[in-house]
Amino acid sequence: MFLAFALITLLGALGMLLQKNIIVAGLFMVAAFFGIAGLFVLLANPVAAALQLIVYSGAIMVLVLFVIMMLSSHEEEAAQASHPIQRWLSLLLALALAAGGVKLVMASKGVQMLASRGAAVPPAVTLQGVGAVLFEGHLLGFEVAGLMLLAAMVGAVALTKRNL
Amino acid sequence: MTWLNSHPLTFLVFAPALLGLLLMALPHSVGKLTRLLGFLGALAVFVLSLAWLLGRAPGSAPLAEHAPWFALVGLPVDYALAVDGLNLWLVILTTFLVPLTMLGTWNSLKDRMGTFAALFLLLETGMLGALVAQDLFLFYLFWEGMLIPMYFMIGVWGGDERRYAANKFFLYTLSGSLLWLVALLFLAGRAGSFAPAVMAQAASALPFAAQCWLFVAFAVAFAIKVPLFPLHTWLPDAHVQAPTAGSVILAGVLLKLGGYGFIRFAIPMFPQAAMHFARPLALLSVIAIIYGALVAMVQRDIKKLVAYSSVSHMGFVMLGLASMTVIGTQGAMLQMLNHGISTGALFLLVGMIYDRAHTRMIADFGGVATKMPIFTTFFLIVTLSSIGLPLTNGFVGEFWILNGTFLSGFGWGRAYAVIATLGVVLGAVYMLWMVKRVFWGPVNPDEESGTQHLHSDLNAREIAVMLPLVVLILWMGIHPRTFVAVSEAPVTALLKDANAPAIRPLVLPSAPESGPLEAAAEGHGPASHEVHP
Amino acid sequence: MTGMDAILHGGLQGYLVVALLLFAIGLAAVLLRRTMLMQFMGVELMLNAANVALLAFARFRGGDLQATVFYLFIIAVAACEAAVGLALIIGLYRHRDTTDSDRTASLKQ
Amino acid sequence: MSITPTEWAALLPLIFPTLGACLIPLMALDRDQATAKWIRGAMYLVALAAVAAGFWFLTDLWKSGAQPAFHQLHMDRLAQFSGIFVLVAAAMAILQSWDHFHQEGWVKGETLSLLLFSVTGMMLFTATTNFLVLFLGLELFSLPLYAMVATVRHRAEGAEGGMKYFLTGAVASSCFLMGGVMLYGLGGSLDLTLAAQAIRAQGLGADPMVMAGAALLLLGFLFKVSAVPFHQWTPDAYEASPHPIAGFMSVATKGVAFLALLRIFPVSLLGMGAAGARMQAALAFLAVLTLVVGNLTALVQTNVKRMLAYSSISHAGYLMLGFVAGTPAAFTGVLFYLVIYLAMNMGAFGLLTAYGLVGEHTTFEDLRGLGWKRPAMGFAAAVFMLSLAGIPPMGGFYGKYMIFKELVGTGHVGLAILGVLASLVSAYYYLRFLVALFLQAPSTEAERLASDRPAVHAPLAGATVLVAAAIVLAGGFVQAFLADGFAHRAVSEGLGLLR
Amino acid sequence: MNKYFWLIPVLPLLGSVFNGLLGKRAGKGAVTFFGLGTVLGSLVLALAAFFAMKGMPDHRLVLDYGEWMATGTLSVPFGLVIDPLSGTMMLVVTGIGFLIHVYSVGYMHDDEGYGRFFSYLNLFVFFMLTLVLGSSLPLMFVGWEGVGLCSYLLIGYYYETDFAPDAGLKAFLTNRVGDLGVAIGMMVLFAAFGTLTVGDILLRVGHLAPEAGFGILTFATLMLFVGATGKSAQLPLYLWLPDAMAGPTPVSALIHAATMVTSGIYMICRLAPVFTLAPITMDIVAWVGAATALFAATIGLVQRDIKKVLAYSTVSQLGYMFLGLGASGFAAGFFHVFTHAWFKALLFLGAGSVILAMHHEQDLFKMGGLKSKMPLTFWTMLAATLAIIGFPGTSGFASKDEILYLAYLKSPALWVVGVVAACCTAFYMLRLFTLAFLGEPRDHHAYDHAHESPATMTVPLVVLAAGSILAVWLGWPKAFGGDFRIEEWLAPAVTYGQLHAAHGEHGSASLAMILASVSTVLGLGFAWFGYATYRKGLAVAEARAAKFPFIHKVLLNKYYVDEGVELVLLGPIRWFGNLLWKLFDVIIIDGVGVNLPGALARVSGDFTALFQTGRVRNYALSMALGAAVLLYVFLK
């Protein structure tokens, strides 16, 4: 199961990275988000999985696709020939980061300890539990998140409102 | 009044700046009034400095103020001012030159003269503060603070290349003092204080190599100001581009602060390192003397010639300091004053002729003596002082410096003295050669030439400016004790601390029991050779 | 479970590797793609990578609910970023008529 | 769920800007803001009142010496310090923006609202050790800034700068988030202090995962202070944004990033041991890079705003040197430096507003000869530039003095020498500003522009410039008061260092 | 009376100050009054001082007027010392000085700068007296440099001309080179003895074992001698003196013949005991003197300008004096100073009289037959000419004979050189005399207007003529039965402080007699030769010159020394100065040291700015690189 979802996620992401057509790329990304939601389920976190599907795939990606449509910029990117240094260096860095990431995980004693200690599957996360923690311990964060949404809204309005 | 009685130095140092700031607030339209106020203020400061510094009852305690100021990052900085033998006359020189220069360049500036006067007063505060500061941090503040007004004076009112010259002046000086700051912080951090004495103690506890590095940092900062070869190249540009008043003060006081820094801080704080570096310093000084003279000789611009002559003359100051002998150091003290008077006067004179002819090229003149006899007389007298003719101030200083160098214990001192003497000859060469080309000979027949534009000799104001300078030139030449007696004791003490080497006489009496010699010696003045315990 | 095993069979290491690879791919998208929208999607991937790591850690810490709360906030942040970012892209598109970030490079040196 | 008075005390300074931020968009709703003058004035008044109220509460708190808290929000001395810092910057930016937006012929209340949101976020950012809140604070102050850069909508450069800032910023916050998650993963707590303790307790201080987390966390801060090589958004964003916003960004972003870094790294993550030392090594390396690149690039700029941007980059380098020294005294120096830096940069950007330079007309050429036209502004300009260059007796000198002193004291003489050499280079381009103002005659082009431009009066910007100059001079003459009474107390009482 | 002696030098100074400041307004009468009055007063006081000194038991009067420059162990008082040496010199300076002042009243009568001229002249007397009377080397140095200054001012007196300022500059600078030697010499002496007071130095040197300070004293004296060659126009620093004739003629007489140029000899006499201890220096002094005597005399043979001839003659005579000093004949050398002062001043003043009569014509070839027009000048000039060629019975005979005799004792070669030079002297002096006064006038226009000079000019001529002959009274050589009393007279001064006074060893009287006779006969022979050559005009001489064109040309061009100096010394120095400036200052220090770092900073700034491409992907890449660096640092 894990392997399947992980592959969906990573292949979706890779597809997004490599796909020239931006709409198709967006759809690949939705696939990746589905994969991630699956992983969340495996992590005994159905709440997160649901949120992932609803908010990410449902809201954010739709927003993005909407903007893509609006800007009618589904034209394909011109062939990249102009900045070889940028491309190869970027590729190198990304690969190094990936390889380094794997190595990091393998080398980390703390991760191993944690993996073995917490191997037992915990009870699945429930919405009630999340709500309790949210409103007991993270009132401040909740308020701030609200503010942030408001600020983002104001910002978006300031930037795009037709009538100046 | 009681405040004034207990803080005379504070008043002297800050009164010009306060006045300057006040004047800055006045509008440009009353520039002439501002200029007048500035002059009167500077004059008052001069009179007060004379009254307070010289008119004191003999034996009274030296003027000093001391109070804790602040402590940042755990380092206390004291507000410590004092006037003692080392800086007394330099302070008076400063307060004297400022009003004199203002008067001498009364009509040289056409615009923003009020702002200029204000900057001038700010500069005076910087100079006086640096001279009387007895705390290294305070000294550093004033030292750097001086840059700002000078920068604007050169940059705003200067010649065609003023921006380059001003930037060069600023950055050159800054480069030295920033590195010096690092050394200062290093040492102050160890000492836990900026008081020179405490820092000296901390320095003596450091390994010798560290002392040397610190001394070098100090020396480079001061040497740039002096300026010592090969750190001198800002000077010709700054001098040539600066307005007359700027050049006068630059030559008259600012350069002195370099030498003063050596004698006040660098040498007493690192006596061993100073001894260690005395030889290279002396070598550079000798090079500066000869080099400055040779380069001055081929200049085509009078002001630039005088600027390079400053390099040469200040080389003498450095040589005297590097000699580490009482005679040499005293000579350097006097030579600093000499150079302030003589070169200041030369720049004033060059300014006076420039105001009339609007050129400073030697080739543009010729036969000026015919047109301006009074001017010529003054110029000649100042020239003679500059080339060190006996009975003028230049001679005494150079004589002491050369003798001190000859006596100095470090190797090659004698050779340095002999070579430096050559600089005296070269000094006469470039000065008199210039005088010949500018003043003597038939009047330059070219209608466009500078000489043809000289329609008037010096007026009463200009004569009034030059007369005190001439009087001082002669006074210092005939009775130098007036000006160096006060520094004798501190200099002697300083060199005692520096463990300057004992000087052995070259010729030993043939027989130790030669009684008559000793008797004769006692009868005819001091017979002992210069020997430091 | 250790080593490759852990990675392949849904241990903590596996999730973390997925997260880090996702992170790398997201970064690669920012670095390699020129369309601003694609770069923006790369950023979203990077955020999601962090999410995966966060929840994986939480799972192995006995289902720490704090992390889920944090995840909630991260989603909010992502939404806000989307709002502001897309608004900026739209604003730029209005002036330059392109979403190619390489062609909107008038500010430089 | 009642809130106690002390909790209110912790919250109130944030609440007032928030209120203002919420109120202003309501006032700006669907109005023709260019013509309805009274509403414009009302918006500014609300913004100022919000800032003033926050300021008043904070100073009250400071005077009382109380250090209240609300959940993860710790309104201790350091947070109070940074709150005051941010609010003063905001107040100056608001005052300047009145004039500037007026000059640009266009006003928007949303910008003020965003500014206030940003202020709230900044105060939050420096007042917590909880990673969750920290991250939210970061986003809360960053997102409005992205939008503010692009707020002048009729300039294509505005949107471009905003987009660049946004993309790079989003990458940086993703990294920041990843780093925080890694620390959470091994420490088991979202509170970084607790996590650090746990990590040490498990002996994982040098675990690669922890180290990577710390590195990514640091990256987030370094991006915000625009240290090389995370600096490239800076000149573009500054050039794109209106002058007051650029000034606010340069001051407040950098300031709070350093203050938060101070809280997180040397203090909260101290428990992890190795990370602190690594941070110093990394900072030393990047500080050198920052000083060199920042100063050298500033040298060749022709646009004043870009020059100031690179200058702000190089100032980040000096401040990083303070962290390299890492002593409590050095942190005091950093705080003091920030105060002066606030005044210098707000003043310098305010000058552009006060001189009425709009749009792309912010090159050195445009400044020629202006110093003599408005002598008070000219004087202030001299104060700022000399202070930025670190020339005594200006305040900027003392900041450098304190940092270099500690740097030398902790044995980093080489870094100190590099630092002073860098400031030598910087003196050149700061002088260039003065050269343009005072040493050059006005160009015909500048004269023409000046005559074309409607008579510009920027009394508010001018006033803020003078206030800023006064602060810089105060930093030079009553430096001990600022350093001991303000910066030092923030470090000692807020962070518990030096106690 | 003693308490007024300080006025001896100061009175002329006052005169100078008055004339300088107010000369123009006060009018000629006042100038004359102050100019002459002060010198006369000084002369009177000098006489009084002289006799006061004679009255002292050790012939030594030391006056102290407080400290001049004292610091550390150095002490230099304002002190005057009057002893036989300085007393005599003081009288020469004030006496001949006064006469020349009187003469100048007539000579400068029509000059616009009358006041200025007397101001300079008075100033010169002041400095010369300071030089003579100063009790310490630095004070002597005041006079030493001061007379140089006055010489500069007076040579360049006609400053509107092209050549006079050049000549003045040359004089000053050449003298400065010499002064360099004096300055170094003083340093060495101070280092050696710890004092610079002449009396103290002599006291101390007297107590030295002969070998004690051998090297250092040689160095010191050599340096002092360099100074002497400058001031007294010896090889190689003689160059300025012939040019110095650009000044007014009284100046040539006073400064460049009678007083200033002899100060080198005076100084060596002053420090005679020190020099005595440095035999190498003494050899050098003798040889340089002899060489100069001959060298200048040969140039004098062919010069056409009357003053130039006299100038080279002066150089030559000064060479004699050094020859005498080098042969340990301090008294002889100084005696020649004394006699030379009279007759050379007279020659110059006579020449001045002629020049004035000929309307500033100085070319000998254009004169002739002035005997009848200017009888007084003719007769006085005859007296001077006889004195300088050493006609038996004149003062010149006595002094020159003594020097040659001592030279022989030192080395016969020196004697030969001296005699050859004497022969040349005899030749060119008679040539001058003949061309000017005898034969036919060669420029009739000038000749017709020529007339005898006014009394203010002729009276000094007569007085000096009397002095030229009668000065012999002071030192008739022992070889001819005299007592050479000047030696005895100077002895206390030149041997002051000596434990064992050095006495010149005299050979047998007959040897002296023979040598003197040979030289005198030879001299008179060449004198006749000169007279005979030019008696009939220029034809004979030109014919002879044509036979030796090369030698004639070389002599006429003064051995091309001026050109050589320009080519070898001055040119390269200027070239070097330019090199230092343009290459070292501008290119190396400013270019490489100052501007290059600046330019490098700009170039690297341009380079770093290249990374600011404006493309956000590049920005992100650099961030990623930074992240890699950070991760590396943290994870390594």
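Letters are used for the chains, namely A, B, C, D and E, taken in the order the chains are written, and counting of residues starts over at 1 for each.
By definition in this document, a residue touches a chain if its C-beta (ideal position, glycine included) is under 8 Å from a C-beta of that chain, and two chains touch if they have at least 3 such contacts.
Model, not experiment: these values are computed from the prediction.
Colleague: In this assembly, which chains make contact with chain A and also with chain C?
Modeller: D, E
Colleague: State which chain is most central when centres are taken as means of Cα atoms.
Modeller: Closest chain centre to the overall C-alpha centroid: B.
Colleague: Looking at C-alpha means, what's the farthest chain from chain A?
Modeller: E
Colleague: CA centre of chain D versus CA centre of chain E: separation in Å?
Modeller: Roughly 79 Å, centre to centre.
Colleague: How many angstrom lie between the CA centroids of chain C and chain E, rounded to a whole number?
Modeller: Once rounded, the distance between the two centres reads 98 Å.
Colleague: Find the geometric centre of each of chain B and chain E from their Cα atoms only, then give the gap between the two centres in Å, rounded to an integer.
Modeller: Inter-chain centre distance comes to 36 Å.
Colleague: Quick check: how many Å separate the C-alpha centres of chain A and chain B?
Modeller: The separation of the two C-alpha centroids amounts to 72 Å.
Colleague: Could you say which residues in chain A touch two or more other chains, in rising order?
Modeller: As it turns out, chain A has residues touching two or more other chains at 83, 86, 90, 93, 97, 104-105, 111, 114, 137-138, 141, 145, 148, 151-152, 155-156, 159.
Colleague: Could you list the positions in chain E whose residues touch two or more of the other chains?
Modeller: Within chain E, the residues that touch at least two other chains are 609, 612, 614-618, 620-621, 624-625, 631, 635.
Colleague: On chain C, where are the residues touching two or more other chains?
Modeller: Touching at least two other chains: 23, 26-27, 30-32, 34, 39-40, 56-57, 61, 66, 69, 73, 77, 80-81, 84, 87-89, 91, 101-102, 105-109.
Colleague: Going by the touch rule stated at the top, which chains touch which?
Modeller: Contact pairs between chains: A-C, A-D, A-E, B-D, B-E, C-D, C-E, D-E.
Colleague: Which of the residues in chain B come into contact with chain D in the complex?
Modeller: Residue list for chain B touching chain D: 24, 69-75, 112, 140-141, 144-145, 147-148, 151-152, 155-156, 162-163, 166-167, 170-171, 174-175, 178-179, 181-182, 185-186, 188-189.
Colleague: Under the definition above, what is the set of chain D residues touching chain B in their complex?
Modeller: The contact residues of chain D facing chain B are 329-330, 332-333, 372, 375, 379, 382, 386, 391-393, 397-398, 401-402, 404-406, 408-409, 413, 416-417, 420-421, 423-424, 427-428, 431, 434-435, 438-440, 479-480, 483-484.
Colleague: Considering the complex alone, what residue numbers of chain C touch chain E?
Modeller: On the chain C side, the touching residues are 27, 30-32, 34, 39, 101-102, 105-109.
Colleague: Going by the contact rule at the top, pick out the chain A residues touching chain D in the complex.
Modeller: So the residues of chain A in touch with chain D come to 104-105, 107-111, 113-114, 137-141, 144-145, 147-148, 150-152, 154-159, 163-164.
Colleague: Along chain E, where are the residues that touch chain A in the complex?
Modeller: Going by the criterion above, the answer is residues 615, 617-618, 621, 624-625, 628, 631, 635.
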